[in-house]
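Same chain, two partners: chain A is paired with chain B first, then with chain C.
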Partner chain A sequence: MKTKIIRKQDMTGLLNNLIQEYEVFAPVKRDDLVIFDRIGSDKDVSLEYTNSIKPPKEILFPQSETLFTCGSIGDAASIEVPVSEERPRLLFGIRPCDARSFLLLDKVFNEENHRDVYYLSRRNDMMVIAIGCIKPRATCFCTSVGGGPFSSQGSDLLLVDIGDDYIIQVITDKGSRLVEKVGVADAGENKLALMKMVIQEAELSMSPQIKTDGLKEKLDSAFDDPIWGSLTEKCLSCGICTYLCPSCYCFDIIDEVTDSKGERIRIWDSCQFPLFTLQASGSNPRPTNKERHRQRVMHKFSYCVDNYGQVSCVGCGRCVIECPVNLDIRQVLTTISNR
Partner chain B sequence: MNNPYLPSPMRIEGIVTETEDRNIKTFSLSFLDRGNEAVFKYIPGQFAELSVLGKGEAPFGIASSPTQKGIIEFTVNKIGLLTTALHNMEPGETVGIRGPLGNGYPLTTLQDKNVVIIGGGFGFSTLRALTTFLLDKSNRNSFNNITVIYGARSPGLLLYKDELREWEKRADLQLYVTVDKGDKDWEGRVGFIPAITKEIAPRADNAYVLVCGPPAMIRFTLPVIEELGFPPERTLLSLEMRMKCGLGKCGRCNIGSKYVCRDGPVFTLAELNRLPREY
Partner chain C sequence: MSELSGQIREAVRKLLRQKEVDLVIGFEAGTLPLHSTPCFIREQQEAERLIWNSFCDNNLAKYLGKRQEKIAIIAKSCDARAIVELIKEKQISREQVVIVGVPCHGMIDRRRAEAELEGKEILEAEENDGELTLKGNGFTKVLKRSDYLCYGCEVCFHRNPVIYDILIGDGVAEKATDQYSDIAEFEAKSTEERWRYISDQVSKCIRCYACRNACPLCYCRECFVDNTHPQWTGKTTDISDTMIFHLMRAFHLAGRCVGCGACERACPMKVDIRKLNRKLVSDVKVLFDYEAGISLDRTAPLATFKPDDPEGFMLNP
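Moving on, here comes the complex of A and B:
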């Protein structure tokens, strides 16, 4: 792996360089919140953050987007698809867990037979520059689900904060072309040794939080276990855990009409909502929060393993932090694996 | 790149009101752009998403057979927003179509087999498509005996009445039509599908049975089928779930790791027995 180095104060030049060529999205402070937003200059960026409340998935898969419009109601011959003239996107300073989530979203939206043109139009030329986590939070469990505070999966470049400088780990050819173009120095031995220490320290601060070996089999055999009832009893079906999840992707498709112009819109939806699976006949295969919450856990830790070969959880811990009733997915999984 | 969310426009060529209560209508559609017809290659048992632009989109089983050229049919039960909008439309108006979606009935597996078809309610629509397909001159010799058991709650709720009369006359099809409750003009069979199936007792050797209908009908028919000796591998069911995308992406129609829209809607009972009971 190639490693480069850049002084923190030189980041300004680099970012402004990137803004010339890409639509750059980066962590910015809005009031007390950090969100990922389009930036116009380096001054907006705030790399001193643990993680954002909302994941950056909406940059690829917006909460609501127009699939097409039609001239008048019922006129299926007047369909128009919105075209974007935007430059390629660059995500700067996202966390390694969030970068990994894109690989999972890719599996869903880039499936061979049904490629999702909307997602792919943003994804195809996208560049990801992630920043490793020197201070993982107590709720982070990326190391339990195949990631880590310095995992490079899903990133083109990975930054490591070593004090006065950032080490730039060059992960992909795309990333390599970028660093060659902007011209940054190679990292020396001393700095690399420092990087290793920083990484080790962060990794040691994290303890394994769920038992993952044999977890899928456990879950599959515990499907009918009555424990699901008591485990999920306090869930309010608010859906926050799914909306804030970087790897949740369920959506609804609805039509809206304004001034006799019709629009077909895709919006995020949640498996935690009772109406999600309510059939027109009135029957509902997941009528209570027991079935719905079980679906969420099974989907991530069993069904996605069957369908895509990996769990669809990156361990960011957002659902753990934001659930209003402290329903902690780590505890749910631990309880099931101890059955 | 092909956009799987884009409907193609179709013209409503004809509308038949099927039932006495006027709640079920069959729509015959043709592509505005004839070129799309060749692209829309389907087999019986598949479904499509129909759109009324500005109202929405919903999945419907394809009620016609690919052997019927030039038109595609859907039988629609009026129950909510989109189905009401469809029911209010007239011939000449356009709707959108997306598909074909799903796996359909396993036609090659059925070759040289006896085929037993059991349907109730509007769930019969894709079995009607299958029956039409099997009976087509170019296909009939590829399949052995064909038995069709079809039931509705009352005579006024029977679909495809003209076709049923034609099928009655055929020697190469055993047709049994039944109603839960007759009326003064009804001279046919009276009885629930499970009971009638038991009475007719179609033979299970070298045979496949295909079932589609309301959940209660399926629940009571499956034990009868089993008793008749049909193993789960040769018992096929077509399922219904709430669907949106039809592409295995929007996440709502799964049973365990199978998406009914993409991996189904047709499953063998053996496959279903391996999945969680969440349907």
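Moving on, here comes the complex of A and C:
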């Protein structure tokens, strides 16, 4: 792996350079909340953050998106698909857990038999520059689900904060081309030693929080376990855990019609909402918290293992922190593991 | 606070032992600092799990509807006010519920406390004698508890449960009558400023419906936003759609909202939802001299009709 180095104060120039060529999305502060948004200059960026409130998935998979509009011209029907004229996107300063989540989203939206053109129009040329976590939170459990505070999965470049400088780990060819183009120095031995220390310290600060060995088998055999009822009794069936999850991808498709014009829109949906499985007959196969919350856990830790060979959770901890009733997925998984 | 926990456990054990109730809804310790979490208890020996502290901020009245069992509920004052409304609106009968009332000093707004630490992570929180001690890696910070209350608690003028069967601990001193000074301040702004403020707030909404689902008085079997036939509202996050949701919800709660602030606390995006709700609480107070959740006998103003209603707002808009 190639490693480059850049002084922190020189990052300003680099970012402004990138803004010339890419639509750059970065962590910005809005009303005390850190979110990912388009930036017009380096001054908007707020890298001093643990993680954003909303995951960056909406940059690839917006919460609402028009798939096409339709109408009529004379006697003929017309259909228009929105065409993006945008420059390629670059995500700057996202956390390794969120970068990993893109690989999970790819499995759904870029699957052999189902290529999602809307998703791919943004994904194909996208550049990801992640920043490793020198201070993981107590709610982070990336190391329990195959990631880590400096995992490079899903990133083209990974920044390591070593004090006055960032070490740039060059992960992909695409990332390599970018660093060659902007021209940054190679990292020296002593700086690399410093980087190793920083990484090791962060990794050591994290302890395993869930046991994933044999978890899938446990979950599969516990499907009818009454414990699900008591574990989920307090759930409010809101959409926080799914909407703030970087790897939850469920959506609904709706048609909005006004006069002679129609619009087909894709919107996020949540398996926690009763409406998600409500059938036209009025019957609902997942009528209570128990079935709905079990579905979320099973989907991530069992069904995705069947379908994609890996769990669909990156351990970012957003659902843990933001659940209004403190329904903690780590506790749910641990309880099931111990059955 | 631990004394109150002990008294709650004692009362609950007795209720379960004497088979006066089948289920107890209260709080237990959460998995994160500054969090307590709702818990459901059906056996005497589980009463040990129950706790009471300044982090019991959910409104447990939310969990009362659509149950058949006889229930005891640990109710702080806003939970009790919500229960009053639920009884009046026939969502639960007075006989079905044993209210274990707890006078309340106000709950801690964890986001306010976190904001004090400039991004440092709180790993441990303790409270004693009006102080809140927060600890993390390499720091200990002591805060004055009363400076970090939830907004709903700061403007709460009914800290003692208005209805109860068993009262835990001593009553607490009430503040003077609510003057709605925060709302008067908002009302003094121009229409454009008010619209801009509400629009800015609502534009943050991600339609997770945590506000609605945390609200003890949002119990419609089918919420208007979930109705698909006809579809009353747009489903996107366009401001025109999210605004309809928040305005309609606020109006639906007019004269019913007990001002607990559960909606605002549940919101992950920090939308100032209570501004709308509290404006309506204030209007209902001014126009009808009515406060929701205070009396079982008084009919809610929007649930009644008088032929001699002057309806001045229609005749002289």
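Structure notes:
Just so it is clear, the second predicted complex is superposed on the first by the 330 of 339 C-alpha atoms of A that agree within 3 Å, B and C clash if a C-alpha of one lies under 4 Å from a C-alpha of the other, contacts with A are read in each partner's own complex, and residues count from 1 in each chain.
What we mean here is this: a contact is a pair of C-beta atoms (placed from the backbone, for glycine too) under 8 Å apart; a residue touches a chain by one contact, two chains touch by 3 or more.
None of these values were measured; they are calculated from a predicted model.
Touch criterion met: A:Ile267 reaches chain C, while chain B stays clear of it.
In the superposition on chain A, no contact is made by A:Arg123 with either chain B or chain C. By the touch criterion defined above, A:Ile254 lies against chain B and chain C together after alignment on the C-alpha atoms of chain A.
In the superposition on chain A, contact is made by A:Thr50 with chain C only, not with chain B. Look at A:Arg95: by the touch rule set out above, it reaches neither chain B nor chain C. Applying the stated contact rule after C-alpha superposition, one finds that A:Val325 touches chain C and leaves chain B untouched.
Of the two partner chains placed by the overlay, only chain B lies in contact with A:Ile79; chain C stays clear of it.
Contacts of A:Arg286 after superposition: chain B is touched, whereas chain C is not reached. In the overlay built on the shared chain, the residue A:Ser64 is in contact with chain C alone; chain B does not reach it. When the two complexes are superposed on chain A, the residues of chain A that touch both chain B and chain C are 252, 254. On the side of chain A, the complex with chain C involves touching residues 30-33, 48-50, 53-54, 63-64, 135, 137-139, 230, 233-234, 236-240, 243-244, 252, 254, 256, 265, 267, 270, 273-275, 320-322, 324-328, 330-331. Within the complex formed with chain A, the chain B residues making contact are 1-10, 32, 51-58, 79-80, 83, 89, 93-96, 214-215, 240-242, 244-245, 247-257, 276, 278-279. Listed in rising order, the residues of chain C touching chain A in the complex are 30-32, 35-40, 58, 62-63, 115, 119, 121, 123, 204, 206-210, 212-214, 226, 228, 231, 234-238, 265-266, 268-270. Residues of chain A that touch chain B in their complex: 67-68, 70, 72-79, 81, 108-109, 111, 114-118, 120, 223-224, 249-255, 257, 262, 264, 266, 269, 271, 276-281, 283, 285-286, 291, 295, 298-299, 302-304, 306-307.
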